[in-house]
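Look for chain A in each of the two complexes below; its partner is chain B in the first and chain C in the second.
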Partner chain A sequence: MNSSLIMLEISVIGLGLVLMLADLFVPAERRRFIGYAAIAALGVLLVTSLSGNGSCGQFGTAFGGMFVNDALSLFFKQLFIVAAILVLFMAAEFSDKLAEGSVAEYYSLILFALAGMLFAASSNDFTMLFVSIELITITFYVLVSFQRSKLQSLEAGVKYLILGALSSSFMVFGIALIWGTTGELNFTKLADFLVKNPDVASSQIFLLGVLLVLVGLGFKIAAFPFQIWAPDVYQGAPTPTTAFLAIGSKAAGFVLLLRVLFTAVPSVTAHWANLLIVISAITILYGNLCAIPQRNLKRLLGYSSIAHAGYLLLGVAALSASGQSALLYYLAGYVFTVMAALFVITLVMRQLPNEDISGLAGLNQRSPLLAATLTIAMVSLAGIPPLAGFFGKFLLLKAVIETAHITHNHGYYCLAFTVLAGVVISLYYYFGVIRAIYWSKHPEDMSPITLSSPAKFAIWACLTGIFWIGLFPNTLLNITDLAAAALGK
Partner chain B sequence: MKNELFPWLILFLPLLSATVIALFTLRSKTVSSLISIGAVAAGFVLTCLFVNANGIHYSGETSVNWLTIGGLNVDFGLKLDALSMMMLFVVTGVGGLIHIYSYSYMDEDAGKARFFAFLSLFTFSMLGIVLANNFLMTFIFWELVGVSSYLLIGFWFEKPSAGDAAKKAFITNRLGDFGFLAGILMVWGLLGSLNFSALQNAMVSNPAALGASATIAGLLIFCGAAGKSAQFPLHVWLPDAMEGPTPVSALIHAATMVAAGVYMLCRTLFLYNADALHVIAYIGGFTALLAALMAVQQNDIKRIIAYSTLSQLGYMVMAVGLSGPTPAMFHLTMHAFFKALLFLSAGSVIIGMHHEQDIWHMGGLKKKMPVTFWTFTIGALALSGIPPFAGFYSKDSILAQCLEQKNYLLFAVAVFVAGLTAFYTFRLFFVVFFGKEKTDHAKHAHESPLIITAPLVILAIFATIGGFIGITNNYGSQFVADHETLSLAQQFLEPLKTPVPMFIGIGVALAGIFLAFALYKIGDKDPLPAKLGGLATAMKNKFYFDELYEATFIRAHDFLAAVADWIDRWILEGAIIGAIRGGTDLSGRALRLAQTGNLQTYAFLFVLGVALLLYFVLGK
Partner chain C sequence: MSILTYIAGWPLLAALALIVVPRNYRVIIRAIAVLATLISAVLAVKMFAQFVPGATGFQFEQQIPWVESLGISYHVGVDGLNVGLILMGAIVAFAAALCSWEIQTREKEFYILLLVMTGGILGAFASLDLFFFYFLHELALVPTFIMIGVWGRGEKKNYATFQITLYLSIGALIALIGLIALYLQSGANTFDIPKIIEHAKTNPLAVNAQNFIFPLLLFGFGILVSLWPFHSWAPLGYGVAPSPTAMLHAGVLKKFGLYGLIRIALPLLPQAAQSWAHFLALLCVGNILYVGWVAMRQKDLNLLIGNSSVAHMGFIFLGIASLNLIGVTGAVLIMVAHGFLAALTFALTGYIYKQTGTLEISALGGLCRKLPFIGTALLMAAMAGCGLPGFANFVGEATVFFGAWKMFPAITIIALWGALVIGGIYMTRAIRNVLHGPLPEKWNSLSDANLWRKLPYALLIVSLLVFGFLPKLLTEKINPDAQKIVAMATGNVIAASETSAPAVNFVAQNK
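Right after this comes the complex of A and B.
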């Protein structure tokens, strides 16, 4: 056994425990600063992993093949850490809306969820998959309902809990069926088994098992028809939770989806092009259409995150390495964009009772930086060059069209067309937000919004990410190509 | 390549300056202008150091891979050779002097910081064109020049005429750029690369590589040059662009933007076949003639100089078309010196006259503004082509090129235009600086401060000696393989090698000056309209090109626009979009109904989804 491979995960859990303990010794009014210590610690972990020294840069398998470190897990782990750092920044700004002194718990829960995501990135076994998903989900039940004094937050928590439990039960049932029909839980071994026993691979019971696992993962990424929880939970949850849910939880769902579809059951996936196309197309249309009438900004982003799950599914449906690479690229851009948007929402809406779009009025005079940031985030989400969202969408579409050329499956062309239609629809509501910032009637409260320097730092980091990914695609493309190549092995 | 970093710094410092000013220092005029001046001055120093380290005859590229999509591989690269390095000197040197001049000229303007941000952006864009090593980069910076010139020309946007002029410049340029882009795509389609060196190799190894479409491709690319360098029939934007502040006129219309077209033609000279060059030469010659005629009857000091710019650009384009890139670039550089000098001197006059620009309201400024008078005199002599001033050498080399190519028609045109040039330049000169003061402003005119006159003096020095300090040697090495380097004395006497064009050139210039002297020495008003009648009116009204375009293209365009507007409003937006939008909106609202907020419903829908999924996959 090679337990040195999981040093990163152990460090993160350890850090979470330390934060919980620190809670005991630090006076309530200074607890938000614990977050900066956590950020610093995560920053150290990120730098070590980027410089190739950390445990996640050490490739190999552990725990009898349950845990794997490869280029794909490395990519996702770095992504998760970046996301967690930005979420911690956001949580520090949000702390005065949480119950007195409870922010340190909030920080440590974020770290536990992060640990779950790190494990998910390395899962190579259905047991591992289930455990890491549950670690993420259960932590999120608490994170969603953390604003205990706010009814909406509690309601969102209950909804997430019950629907999450439902989806988990489907998933665990699916895993049982897979185990029952094949006797394998390890992804790599399962793939070998299916090659040797093609009759099992086409048996209804086995396929049912795989589908039920997909139900569970579909719930995590909020793909149609398992998207129903997303808007309510996104709206009700504390904003940093929403951010982590939109990025971390979704990305974890995607890494597991990639592993299951392309490592564990590639022979089955090859027949499911049409299924994936249909799910992707409906998810895009559903998310974008429902976002149109929304007045609440977080709810709007909830629907938009459904639409983005649909875009990301394009990379899965393409069934090619370039599609997977495009998916990873898109996720990287998505992290910075969504973080930027939700960061602005956190800062602007702190004093407001709800997150109505009308609350943005006059923002361009109250804080030009925040106004510009939200505008850039919206424009990037809509996919306009030269920002991150454009290049990601471009790569996804390119991958889909390439596959269409090779397979002559006209469904792919329909999917590409759906994406274009979806983008056009999305322009409508994204620009509605921009219009609210710059061209709506000014409210009475025109006091300038002051930003703390950590918040400024985080916002500039997000902006840099959005522009960098949009303007200089090559570095990141090399990384995502490598990561996608790890799947095929 | 030694000091490989320097060209990158030269290119990006102005962008940095523009960004810093726009984001941080917009409130401080002084800091902003110093940042901007510092950026371009540093660019000039770095250019000197770079050329000093590598030598002017160095040739090489430095590039980073920008993006690779399928077969298209785009570098972000800088090409450094004699051509681009000389242009670096012109852009950062002459441009730098104009920056310094602007410091004082724009002092009282509330938007001074904004002005310097625009100037820096413009400098960045122009340097990008100069340094680009491939067509895509050229095009991107080409458009950036278009945008930044739009901002600069329309700087006083509260004046409707400035806004209109900015729009006119931008749209006219866009027309040319459309052809340019089509040409670039054509070249890429036929040769499979956008890199200049790769294209040149492809053309050298197989001169017929462009096949039957060589002429079309060449002329399409020339469209871009015709837009930026204001060649007929896209020349209409340049005179109107005088609405911008005078330093802008000097920068855009003398030293940089209009030079971009000629520079690009020289950069890509290997692409054009004989037919394309023929068309280019005649368009250049025609523009030179047309603009010179128009200049004769203008009364606005800046507009006269603007028309002379048009006319000189015609010379350069004609020289390129006659396979003479060296004379073209030589004249371009000389023109940058003396035309910037003339514009800035005119600016000095305009300040002295309290923003009066009509020459018939001036007069007798010789004594009031002695420095400006002398620098203007030098500029006027250089423009007219009087030895030993800069313009004489370069114009003579173009005349010689006409004869060498045995194109006697264009030679005649060039000679006639040379005479006209001397005539209208000295018409301006006599009316503004001699005779009686015609208004109170002229009586109270005063000399400008040192920060304005110092750039004038520096430019005047170069307008005097520029013709024989080795500039033509540097360009020669770029275009002619066995170019021999001439010593200072040889260069000084170079025109004597071809005495025919030299004597004819000097002769017509002197005749032009004499005619101007005779007509305008004391004149309070213009005697020409009486003598020329209808012709003078036509010249004054720029041969009615604006009206012609107004009556044809703009009318037709307005009509098409009205039709398109009707279709857009009623059919597209009313019927089609209305239906789609309504449908989309409605479906959005309908789907929202599913989102009841009721947990039981959610769980039911969830399980329904599972059932649907299972049926879809397993049920068939």
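Right after this comes the complex of A and C.
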């Protein structure tokens, strides 16, 4: 038993509990500082993990192989902590819009969701997978419906609850089928078992089980045809929740998807290239086409996040280490980009009744920094150099064409052209947002937007991330290559 | 640091500097932009003068690793193919910055975009790395869309912006897929163009791979260069674009696709290039003849010039399709000459539009009386456009015809007819209607360009004349490197093109 490996997770949960207690002692007008304290604590955890001293830097397995720490989990844990820090900054700015007096609960729920994500990054067993997914999903039910006085938020919460429960039941059914046919729940052992018993690997009940698990994960990453919930929930949820949902929850879905497909059932995955290609292509087209008519900014980002799930699936569909590495690279860029966009939305729209694009009018005069940030985020999402989105898409396309070149599967070329179509479509609505910022009729309220210094810090951090990932890919690419290599072991 | 880094770097640095300049300091913003482009133009002239024709390998080279695991590095260098293009690009950029006085709203953003576009495209021409080649072009392309969308003129602005964005993004992305496929197929595991070419000399790409990649590059780049029938974005786009943008795009950015075909597609995909050459030559007829005819019927001066610029691309494609030394040399010559010419014409129509508020040919007339300098310059541009000897365009077009004659005599005859007759008709007709005849009363208040405003036009005309009278400045540089490209593109059929080398000199010395 090597329980020192989960020190990071224990610290995060402990921190969440401390925040709940702190709520009892801190006067209401100071509660914003609870968030800053949580940020500082997470910052310490991040620094220790970066310096290699933290528990996530010690590689090995624990709990009978259920829990694994490797380069892949390390990458995702750092990503989740960065995302959580940025979300906490956002929540601190958003705190006056959240239900009265319960801000500290909101912070600690974010930390519990973070703990679930950290466990997801390390899960090497279907039990662990299910428990971590449930920890994430159940906390998100609360986080989504946190604005109790707002009907939309409650509606989003109920939708997420019903569809989330449905997908969980699919997943647990799938896990039962896998266990029933193979008697294994551990990913590594399952892979060995399948090599020794190829007849089981091709049995229909087993394959149905794997498929149902993928349905559950497809719900988390909002891939077609399990994407229906995304726009409604993104729109209705409080903006920090939307951000965490778009990044943390999606990334957790992807790390589990990678583990299941490439560690647990690699022999099955190899035959499912066409399925993955089709899902990826439809997701890209669906997300981009549906985003065109949207006027609500968060709803637009909801559809754009579906499209991005499709782009990320390219890295899975490529079935190669370079594809997985590209996926991780793209996710890293996506974190900063989406955070930057939603941060601006939080700051600009917190006083407005809804998040209509027209609310951005005149932003370039009300706050040039926010206008530039949102522009850069949109340009990066559209995949234009020299920003993070471009190099990520370039790597994904390269991986897909590489696989096409090796396997001679023409589906991959079709997929590459679908990406091309998706990117061109997306230019239309991303540029629509930029146009609304700079060139729409000015509203009556032209008061400058004042930014608190933590908000400024967070925005500059996001901008630095976007440019750094776009301009200096070397370091990050080495890290993602290592992480992807851990998967193939 | 290579001088090339400075040529492309100064405009980008200036763009960064402009971000912090307050928007009220209009004079300073404008001065910074003009100064930065002036510096890169001066440096480009210096580089052009120091260039040693026929030296082996690339000159002014610089290489910095960027992503080692993928084999991407920042690698710049010039040989005969791009030395002229960089010179032309830098001069046109300077002229465009000078002509930007017509922009009166949101100047700061405009100059930033203009400088990014300049730096991007000069960098793309200098780049010897596939990744940066594409990356920098894309960096230059996106500002074009924004500039047309925001500072464009006329009622069709939104439609034109939408169309040009869609068309050019699709073109660029198709080319990107082709470039990635090329990188993977080459097996050299590097994005470095000279290394890929070196690798391909011993391990040529499989023919079926070539036949897959070449059309991607041909049509991807073709869309960017307005190859018929993918040209319809160009006339309308240039019609509504603010003139500095039209100058830079039609003059410089558009040559990127052609340069890409010559630099990358011909040497690396020789068999495919040979089998596609005839098809490409047929498409050229579409450019030269069809678009020429369309140009004859235009009622708007800018649409006419936009169409004529598309028609000129046909000659360059014809030169490339002929796959011999004279043809490719001619293609590069026209690329340089047409860059100056397109910039000049769009700058002049921009001046006229600023003064009159319309470019409707029927509404204009007799302008030469009120605008003697602008009128004369427009006349010279029109004459250069229909290939009058003395201007650089004539040299290029004549060279292309010499080269193409051996491969496609019938198409060459059609092209000649298109150049001399159709081009002559629409150009002289436009000149007659715009510059001569009775002067409508409402144009009595027009005023000619003052000395400072004359500078960009004079600069571009002088450039056209210099290369028209001394084409040797270019041909002696282009020749040795075009020779290498053609040798790779045609395999063993070098002997034929070697014997024809003197013909280029013959054309050159006859000027």
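Operating definition for what follows: the second predicted complex is superposed on the first by the 489 of 489 C-alpha atoms of A that agree within 3 Å, B and C clash if a C-alpha of one lies under 4 Å from a C-alpha of the other, contacts with A are read in each partner's own complex, and residues count from 1 in each chain.
The working rule: contacts are C-beta pairs under 8 Å (C-beta built on N, C-alpha and C of every residue); 3 or more make two chains touch, one makes a residue touch a chain.
Quick caveat: nothing in here was measured; it's all calculated off a predicted structure.
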| item | value |
| --- | --- |
| Chain A as common anchor, with chain B and chain C clashing or fitting | clash |
| Touching partner for A:F431 - first (chain B), second (chain C), both, neither | second |
| Contacts of A:Y412 with chain B and chain C, given as first, second, both or neither | neither |
| Which superposed partner A:F390 touches (first chain B, second chain C, both, neither) | second |
| Which superposed partner A:L420 touches (first chain B, second chain C, both, neither) | second |
| Which superposed partner A:V278 touches (first chain B, second chain C, both, neither) | first |
| First, second, both or neither for A:F75, with chain B first and chain C second | neither |
| Partner touching more residues of chain A, whether chain B or chain C | B |
| Contacts of A:N474 with chain B and chain C, given as first, second, both or neither | both |
| Clash-bearing segment of chain C relative to chain B, given 55-63, 199-207, 361-369 or 397-405 | 55-63 |
| Common interface positions of chain A, toward chain B and toward chain C | 398, 473-474 |
| Residues of chain A that touch chain C when the two form their complex | 379, 384-386, 390, 394, 397-398, 401-402, 405, 416-417, 420, 423-424, 427-428, 431, 435, 438-439, 473-474, 477-478, 481 |
| Contact set on chain C toward chain A in their complex | 66-70, 109, 131, 135-136, 138-139, 142, 145, 149-150, 162, 165-166, 169-170, 173-174, 176-177, 180-181, 183-185 |
| Residues of chain B that touch chain A when the two form their complex | 65-69, 584-585, 587-589, 591-592, 594-595, 597, 599, 602-603, 605-610, 612-614, 616-618 |
| Chain B-touching residues of chain A, taken from the complex the two chains share | 158-159, 162-163, 166-167, 170, 204, 207-208, 211-212, 214-215, 219, 224-226, 228-229, 231-232, 272, 275, 278, 286, 289-293, 398, 425, 472-474 |
